[in-house]
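Below: the structure, in structure tokens.
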Amino acid sequence: MSQTQKVIEMKGITKMFGDFKANDNIHLEVRKGEIHALLGENGAGKSTLMNILSGLLEPTSGEIKVNGETVSIDSPDTANRLGIGMVHQHFMLVDKFTVTENIMLGKEKHRFGFIDQKDAEKDVQKLSDQYGLSVDPKARIESITVGMQQRAEILKTLYRGADILIFDEPTGVLTPQEIEELMGIMKKLVSEGKSIILITHKLDEIKQVADRCTVIRRGKSIDTVDVQTTSQQELADMMVGRSVSFKVEKGASQPKEPVLSIKDLVVKEARGYDAVKGINLEVKAGEVLGIAGVDGNGQSELIQAITGLAKVDSGTITLDGKDITNMKPRKITETGLGHIPEDRQKFGLILPMTLEENMTLQSYYHEPFSKNGFLQHKEIKQYSKKLIEEFDVRTTSEEAPAASLSGGNQQKAIIAREIDRDPSLLIAAQPTRGLDVGAIEYIHKRLIEQRDNGKAVMLMSYELDEIMNVSDRIAVMYDGNIIAIVNADETSEKELGLLMAGVSPDRVQEELSGSNGKERQTVAKSK
Amino acid sequence: MLAFGYNPITAYEAMIMGVFGSPYFFGEALRQATILTFSGLGFAIAFKAGFFNIGISGQLLAGWVSAIWFALAFPDLPRLILVPATLIIGMVFGAIWAGIAGALRAYFGTSEVIVTIMLNYTALHTTNYIIRNFLAVGNTTERVSENASLRIDWLTNLTAGSRLNLGFFIAIAVVVLYWVFMTHMTSGFEVRAVGLNPNASTYAGMSAEKNIILSMLISGGLAGLGGAIHGIGTFGNLFTQNALPNIGFNGIAVALLGLGNPFGTFLASILFGILDVGSGFMPNRAGVPDEMASIVIAAIIFFVGANYVIRLLIDKVKTNKKSDLEGGEEA
Amino acid sequence: MNLPTLLQLIVSSSLMYAAPLIFTALGGTFSERSGVVNIGLEGIMVMGAFMSAIFNLEFYGTFGNMTPWLGLLAGGVIGLLFSLLHGVASIHLRADHIVSGTVINLAAPALAVFLTRAFYGAAQTGPLARSFGFSNIPLLHRIPVIGPILFGNTSGPAFLGILTAIIAWFILYKSRFGLRLRSVGEHPHAAETLGINVYMMKYAGVMISGFLGGIGGAIQAQAIHNEFGILTVAGQGFIAMAAMIFGKWNPLGAMGAAIFFGFAQSLARVGNYIPIIQDVPSVWLQVLPYLLTIIILVGVVGRSEAPKDLGNTFIKSK
Amino acid sequence: ACQGQDAGDPTPEDPDTEDTTVDEGGEDTETDDNGDVTETTDFSIGMITDEGGVDDRSFNQSAWEGMMQWAEDNGYSGERGDGIEYYQSNDSADFVPNLNQAVANGHDIIYGIGFLLEDSVNDVADQNPDQWFGLVDAISDRENVVSLTFRDHEAAFLAGVAAAHTTETGQVGFIGGIAGEVIDRFQTGFEAGVAHVDESIEVDVQYAESFSDAGIGQQIAAGMFTNGADIIYHAAGAVGNGVFTEARNRLEAGEEGLWVIGVDRDQEEEGNWEGGNFTLTSTLKGVGTSIILATDQTIEEGFPGAENIAYGLEDEGVDLVRGNMSDEAWEAVEEARQQIIDGEIEVPEFTYSGPEAEESE
């Protein structure tokens, strides 16, 4: 590995969006065969920079060299030809197409314009074998796991012969095992002579795989450092520009009576099979119950059933002593539920509506916001202003459309709305997805505060760190069942990982006490 | 136009002078605007809620036929009762006709576009059948009684005998009510919310089904009310139709031109009314085929719809002033 | 009427009515698969009907009996040109697709009648020089029993439509172009990252819809009305749009739906010769096609899923 | 601007073109002549079209051509604006404004073309008692309105006679547009004409419930022909186009002896095909003629207010063209024509008696 050959040089890159400088004179060098991390807070300009490199955006000024030659990357096609491929933060996959169709799109195997499906599938299979990326070439994207979708994304770049791969926050949606696997894939790719740029907020990931790291803050490149010789704390401070703490401050929980109890709950999924297969669960006042599990094991359906968004097939759900099974969402909300939904833009907000309208989305219909069927705009405005201030939602005005807020502030608005109603149960589904350290810190504090006020909190997240840091008890879901409930301070990441992969609790105990060599690999494969 | 040897200036002069030069034709233009306001608002509210109600024509017809039926059946009721009752009947039948599409959409997910198109033709044939078999001997019903008429003398006199009627004021009232409903009422808020994001609305405890049906009911109700006003205001009777009333389809154009805003829709209706009535003067006074008026309307909507270009131009001018930075959006 | 005759009658009159709808609905399918809503089909048909009529009258001397078939091309080309208006407005000028389609529907009849007046001094062209007659589908109509019923003395354009639908299906689902077109209607940003020219694909979709819609109009003029006037198209574009949705944006589905409309319509007309239906009051037969459509839609077909990105304006990142 | 044949062709001998006086009705006639034409009368007439233009190859066109003819005959140029004017309606809501516009322009007589204008003419006539109106194809009892109607059933009767003498299958068809009084007259007359010749000939009657969808016309015609009819008479506007198309297709496919009978104007042109012409004949409706006659009558004898002038075979207000009839059929038609004129045959006008009448046959 000749570590000195520069495959990418970006010099003095500036990108303006109107008057806003998203990239401000950024420098970046990537060497052949390295994994180069790009670290920065939300909105620092990482995606923008990489979109420039991959031909989606044109820089306002600056120079790009690929393999020593100055180039102008005016389209994704050009980037492609230069051997640059990008795995996007939000997957760029057509749900209704198969894996193969997605991979070959734009570079199809064809005869006289007609696609040679079989041949293409073979190619995909071969490629996926070569790099150990197990995918089913014939599966439709909408029916495969997020992990497999991501592997399809990676294959897309490899299929195009990319030598320089850009991964934009690839781990946000993966299980620990999948992350592990991805790290393995990246290392394998590098060993085959590829170079990788890895965008992430997660310092431990950088420590684990990256060789060097460039830190970007507010559109400026701060520094490029050698990962081996830099501590996590140093990286974090560089990224944020101040000193940060990671640990969630919390005292011991004082659980009281159960607020939510679920008995033998069965929920069918849209296509008709059981997604939740007879769950029993309690959440007590004064505790945070974490729901861990790999995406697609029934967590979403469980939450939808509790919140009234999905039909309960059998079983009962009791909230605050009231049977809320199959009640309308509004009735359930009124009984005492707060819900921070998994997809904030799809469920949490009506983006084109104003912030104040969104702030009262759950309460617009009752006094004082509505009288005799008429909205009381004054009251609504006052209340929204209060919340905006209290929860530090950054916006130009309460009359701005929700769409104009940054992701983190959109989430804060939802949290403000849901917490301020003081529900006896707060369900938070992936509340910090895609947010930066500061925002995460804040949200976690609020969840704990809610708990300390004697309310019940249910936290669903795919991020183990978050689950372990915030929860008091953790229920692990696998294949529609809760296969174990453990105490947060008595478990380990490893144990949870195994449980999430469907290894039975007994086996897990065995595994944990036995030799700890390669079991992770096997577990990951079994999913 | 010039290419075909027509003089556009005389054409528009003829149109404008024709309408504004006489209270009668101005009155007629406003009368036409009245009905367009109803069909436009009817289309707009469904559109706001996320539906493409292409069935305004059929709903208008349903309102018209039911209103005439009612007015003919109870000619002797006092005017104070008969007129409102007739209008309500028209509104209710229009609402039901659209409600079918709404309910099918809400409960079966059936495309409202297809259903409303099909209901249009169903309304057309059924109306003709009802006229011939129940309401009239032949193709035209009797006139409704004086007590059911929307004419008001001073308005008729003011506009030199035009058919402008009480409906115009009802239209203005409805424009205001529509605005109040959408911006100040809880249920209007729900309709908008469901239209903008049905998922979030369900999450917030609104019933998508209820709001789909509600917005379609209002939509059809407005169209039906328009039909009733057309019936007892413009014509005083009903006759068999050769085709679906154009005024229903023009409602789409009016609503789009008004950018979904009730006041905008009202103004667009007036513009349409003027163009519609005024275009009648083009062949006579300027020798220009009145198809030109439709082409003009289409052009206006085109530029309103493509307002992005205009915004872009304004932006360009602005940024050019500010600096030479090659930013902004692309062309 | 004996059974084979009755069947032959139903088949041929269903196809006759369906032929313009098939093409236009196929056109709509291409446009909407690329993500561009096209309610302007009605206006496009009008232009196609207009152009084919002119072509038919002017070039009969040159092309003789081939004229109507070539007239399809003429109608298609003008439809394509006219659809560009919709394309530019909705793709580049970011107009709402409904707005721009409405503009098409308003402008086309006015323009076509205006031009007809300019060329022929009347709002109607008068009878065309040569219309499509009946066709026997080569070979197939020789098949015993079913041959004459299905393929004898029937609408040539309809069979061309069926063939076009099959080809369209292959193009949409089996070709490189089709894959790209659909990707643009589903997830244009994904397509963009793969170097697909999203705008170009959308234009392609709209232009194909213009071409096929124009052909639909040309059939309406040359096979059914045998003239062009304001009444020639009168609502068929909207029915074609319904067929497209009914057929779930699938070429074969759209074709099936168009034939179904023809069939329901035909049943209402031919019903007078079928003993059981004979005694049904006429109004029921008149509304039958429409009610039947709704019932089938609710009962059998169910929810249809539009292309995911349908109706959205794609804005290129820059 | 004129197309080949039109309905207004059997123009009667011109009444004395020598000018006549105008007094009563025409108060203000600022629109017309500038005094340079010497021989004109300053009588001016206007017409309001029903839904369509004066170039619709049908009714409105025929009326307008009649007016142009009248203008020429009376010393005008025959150009629009010179003694004659039309107002085009695109929608039923346009009728009244157009009538008022015409009133404002000060024509002596304003004709409303088509039964669709009945109510509108009545209303405007009530509001303008000093203005003369003519109403074509419907009857008004107003003092200042003359009604010009047509004994369409008489022409249809002749069409029936022609059909009965031509049919070889003993089965003929009638396709109406939208059922109603006017079309019913055609149906009644046609059925009576057929029965007059041969009671046993079946008449298959169907309504398209449209005047525009030629596809429906084609489907109905297909049904009728398949069921054994060999002649179809249509009174269905553009729906009739489909009837012609179906007949042509069948003839070209080798069927023989199929005929279509046209309506309102000579539709011979529509019946051209490789093998000749299959338009058996057409019934004519002399809208133009009736306008000329009524106008001249007004000028000569004063305005026939409140009268209903029913133009029939006698005054060539309606007629049947020779078309492609055999000599035998033509003779029979001529004979029946005379008998009708002489009152020997009483042609029934209506079978229409209310609900479901159209299914009664």
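What to note about this one:
Note that the chains are named A, B, C and D in the order they appear, and that numbering of residues resets to 1 at the start of each chain.
In the analysis below, a contact is a pair of C-beta atoms (placed from the backbone, for glycine too) under 8 Å apart; a residue touches a chain by one contact, two chains touch by 3 or more.
If you're wondering where the values come from, they're calculated on a predicted model, not measured in any experiment.
Seen from the Cα centre of subunit A, the chain whose own Cα centre is farthest off is D.
Chain pair with the larger contact count among C-D and A-B is C-D, by C-beta pairs in contact. The distance from the centre of subunit A to the centre of subunit D, each centre being the mean of the chain's C-alpha atoms, comes to 76 Å.
The geometric centre of subunit C is 35 Å away from that of subunit D, both derived from CA atoms. The distance from the centre of subunit A to the centre of subunit B, with each centre set as the mean of the Cα atoms, comes to 47 Å. Annotation: 45 Å between the Cα-based centres of subunit A and subunit C.
For subunit D, residues touching at least two other chains, in rising order: 209, 211-212, 356.
Contacts with at least two other chains are made by residues 117, 234-235, 282, 286, 318 of subunit C. Residue positions 125, 243 of subunit B are each in touch with at least two other chains.
In summary, the structure contains touching chain pairs A-B, A-C, B-C, B-D, C-D. Across the complex, subunit A meets subunit C through its residues 51, 54, 56-58, 75-77, 80, 86, 88, 92-97, 101-102, 105-108, 110, 113-115, 117, 156. Remark: subunit D residues 51, 81, 85, 87-94, 96-98, 100-101, 104, 115-116, 118-119, 127, 178-182, 209-212, 352, 354-356 touch subunit B in the complex.
Looking at the complex, you find that subunit C touches subunit B at residues 39, 89, 93-96, 98-100, 102-103, 105-107, 109-111, 113-114, 117-118, 234-235, 238-239, 241-242, 245-246, 282-283, 286-287, 289-291, 293-294, 297-298, 302-304, 316, 318.
Across the interface of their complex, subunit C is touched by residues 4, 47, 52, 54, 104, 108-111, 113-115, 117-119, 121-122, 125-126, 129, 243-244, 249, 252-253, 256, 289, 291-295, 297-299, 301-302, 304-309, 329-330 of subunit B. Interface of subunit C with subunit A (complex): residues 170, 174-177, 179-180, 182-183, 186-187, 189-196, 308, 317-318.
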